[in-house]
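Please go over the structures that come below.
One chain, chain A, links the two complexes that follow: it is found with chain B in the first and with chain C in the second.
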Partner chain A sequence: MDSDRIAEIIIAEIRSTVPELEAQPITRADSMADLGVDSIERSEVILATLEAIGLKVPMVQLHGPRNIGELADLLHAKSKA
Partner chain B sequence: MPSPRPDVHPPVVTGIGVASGLGHGKDAFRQGLFEGRSVFALLARPGRQRGDGSPPFFGVEMPDPPSILPPRVERTAGLSGRAAVAVLDEAWREAGLDRVAPERIGLIVGGTNLMAREQFLSLRDYAERLDFLPPRHGHVFLDTDICGLCASQFPIRGFAHTIGAASASGAAAIVAAAEAVSSGRVDACIALGALQDVSALDLQGFRALGALGAGPVCRPMDRGHDGFLYGEACAALVVTRPELAGGTIYGRVLGAGFCADGCRGPEPNSDGQVRAAQDALADAGLAAADIDYVNAHATGTPSGDDAELETLRRLNLGHARVNATKSIIGHGLSAAGAVEAAAVLIQMREGLLHPVLHLETPLDEGFGWVRGGMAEHRIRHALKFSFGFGGSNIALVFGAPEGAAA
Partner chain C sequence: MTRAVGIEARAAGIEAMNVYGGMACLDVKELCLHRGLDMPRFENLLMQEKTVALPYEDPVTFAVNAARPLIDALAPEERARIEMVVTCTESGIDFGKSLSTYVHAHLDLPSNCRLFEIKQACYSGTAGLQMAVNFVLAQTSPGAKALVVATDISRFALADAGAIEEWAYSEPSSGAGAVAMLVSDTPHVLRIDPGAYGNHGFEVMDTCRPGPDTEAGDADLSLMAYLDCCEGAFRDYSRRVEKADFRESFGQLCFHTPFGGMVKGAHRHLMRRLYKTPPKEIEADFQSRLAPSLAFGKRVGNTAGGSVFVALAGMLETAEINAPMRVGLFSYGSGCCSEFYSGVVTPESQARLRAMRISAALDRRHRLTIADYETLLRGESVVRFGTRDAELNHQIVPDAWPVDAAGDRLVLDAVVGYHRKYIWI
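Let's turn to the complex of A and B:
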């Protein structure tokens, strides 16, 4: 699964967690904070994504990415490790 | 025994929101109560079936609460939370609480272990994949999440907390709300009897205790009674100082008695019940002879009904009209005291009493049971009983609004 596919999963999870964003265009360049996703919602999005791609990593290892694309890259790297 | 209230103007109820198996809102509640519509059926909500071929549970489930919350919040709220927001919204609007300063508004949510069914389902769904449990579980499993949810959607900034007294929790919330208003701690306080969302585990516990009826209907105070039937319910009552009542006043909270009887389990205790009633009457400055209507706790368990009848006899309440709201909507557990107090106040306003359903052969013919349909009756002073496992006994005395026609 490449980073773009992981980003699509993240974006789908963002839309289901915050239905208010259903109609809003979301790209790899957007950050969840800028989209108005709060910290608990962000954790929910990431956990749901981890489950969808079959990856188990502690949440503390997933701080740092500044946007959806960087998060997808990080998850992609972890899934290959 | 409490000393009589120092204030000459007791708090009043100015807003009511109700949800039950009869539907959402007061109109559905009023219509169903007076028609005496029976809504008992097999419990169908996920997490309420044993699934092993043993007899299913009968009871009452409500239609889905109306969507009031923003979508991102609604998806995080369980049934108890959504029902709470719906009844709060109805009561809030009716009482015009937007006119009251947020710091002068309190919220007391009656009930404990409110969302057991959702925990039961979460455990089932996540037992094999606990690493992916949504983080939100860490705060939504707490009963106080209902307080937080309500205060996040409505400007309540005085206080918001829970109070527990088992099946008397809703009545305990009313007692505490009236005290908060009488003492001047806040100007308005919402007493919310929360929906006790039970799981099959809890229902089986009640069955094993011998407290639960076999169904398909519940027969409080009838020789054919065999236990209570669970009924989803939720109600909010806005209690305010009378001078703040902008709209109509349903009734006055004249007195309350709330005592422990020393029983740990489900055993009823007539001594405790009588003492609660005597305290409530003393608090109201009334005698039992002044009570013209009793809304009984009347769950339909043989020992509970017998103890309460003994209490009514000891208080010499043979002259009063009596009914049992659980015969129509089932036993709301944490919500029961609040939803039944709402029934008292709605009957007070309408000048009507709802029937006791399925009361064919009363255990004691010496009381003014409302049978065979609704009855016209101008309530002046109502006595509401609410009892809870663990030895909680509550009696509330409600009075018609001042100036109401006799």
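Let's turn to the complex of A and C:
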């Protein structure tokens, strides 16, 4: 699964966690915080994405990405490791 | 549930417990609106009020005011058996001298007593409780009691704009409060399950107090560490305790509560990770097993070291308890260390906790206006860490000074040569 596919999953999880964002265009360059996704919701999006791609890593290892693209890249790198 | 192998069923735990939520509070939603915070789903955060420490309230006054009703209720021969006073805090007022020395003095406790302080962010209270419980279980001094007091206030002697910005992430949730617990072999309030605990700790820089009057942190990283710990500590608990089941073993749950929304997130995380429970069931379980624990936390804000016990007290105040019931407790302290442990409460626990009339005391706090709060925030009257001499202005918020003063509340009056002088009002 490549980084773009993971980004699509993240975006789908964002829309499902925060239904208000259903109709809003979201790209790899967006940050969840700027979209108005709060910290609890962000952790839920990450957890749901981990489940969807079948990856098990501590949450603290996923801290740092500044936008959806960077998060997808990091998850991609972790899933190959 | 089977206890860990080799542990005798000796009784130890919390004999009596009280929460002290200070003299003044602030409406959190009002604060968020005033700060212009964009919180479209504010209700999800499960916050209402927070205690704001007045300049003449410090970790000592909070601790003593929490403990005094417990000590007053003891017969002289029982008081004489308090052989350890442990203060648990991240709001220390001196690098060497512990708060426990002041607490011991103002409660007039016997001098054959161990006095010390424990620090590990919000985990401190659990570290102190377990220290005391093990002192009782070890029977090194049969019949002895320990007084454990978790006491914390938010630092808001904010030196400059940078410090204010650092603090912004946690301003709405930062509260103040103390929980006093008498620990003994007659645990009327919470009988600890001996040997039933699990830890999860690792080094992480999520939130900290890097200077005498500053707080800093990263809300995302802290939440992630909390979630990892919640799962890790419970897994360690189930390694030690045969047949432990997060859904079935505990009638109620009490978690460290930075704010209610975080507890809800952690519960959802755990239910999903452990059992893949569907969202609707998770919500129902949260309402029945965790919502009662938020009763006081949503009124005092994050009380740090005492927070998990504020949750325990809130649960005892509001949950339905008709028979002995096992409670699961989760404590997390940034930096980080965490623990999941358990104990048993009874209808008597509830009656004893309710007799402390904690809710009524919270109702009597002075409700600060935003203008008063801003005055306090400027920090001109705050006794900063390391202050040599000071006289406290008790009229800084005139309406907050109690009119019904009965001589049973301690406040800071002055600092003379670094020595804090307190008076009963």
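We adopt the following convention: the second predicted complex is superposed on the first by the 81 of 81 C-alpha atoms of A that agree within 3 Å, B and C clash if a C-alpha of one lies under 4 Å from a C-alpha of the other, contacts with A are read in each partner's own complex, and residues count from 1 in each chain.
Definition applied: a contact is a pair of C-beta atoms (placed from the backbone, for glycine too) under 8 Å apart; a residue touches a chain by one contact, two chains touch by 3 or more.
Just so it is clear, the model here is predicted, and its values are computed rather than measured.
Touch criterion met: A:62 reaches chain C, while chain B stays clear of it. Within the superposed three-chain model, A:19 lies in touch with chain B and out of touch with chain C [touch as defined at top].
After overlaying the two complexes on the shared chain, residue contacts for A:47 are found with chain B and with chain C alike. Once both structures are placed on chain A, chain A residues 20, 40, 43-44, 47, 51 are touched by chain B and, in the other complex, by chain C.
On the side of chain C, the complex with chain A involves touching residues 38-41, 44-45, 202, 204, 218-221, 223-225, 227-228, 261-262, 264-265, 268-269, 272-273. On the chain A side of its complex with chain B, the touching residues are 17-20, 40-41, 43-44, 47-48, 50-51, 56.
Within the complex formed with chain C, the residues of chain A that make contact are 20, 36, 38-40, 42-44, 47, 51, 58-60, 62-63.
Note for the complex: chain B touches chain A at residues 70-72, 75, 129, 131-136.
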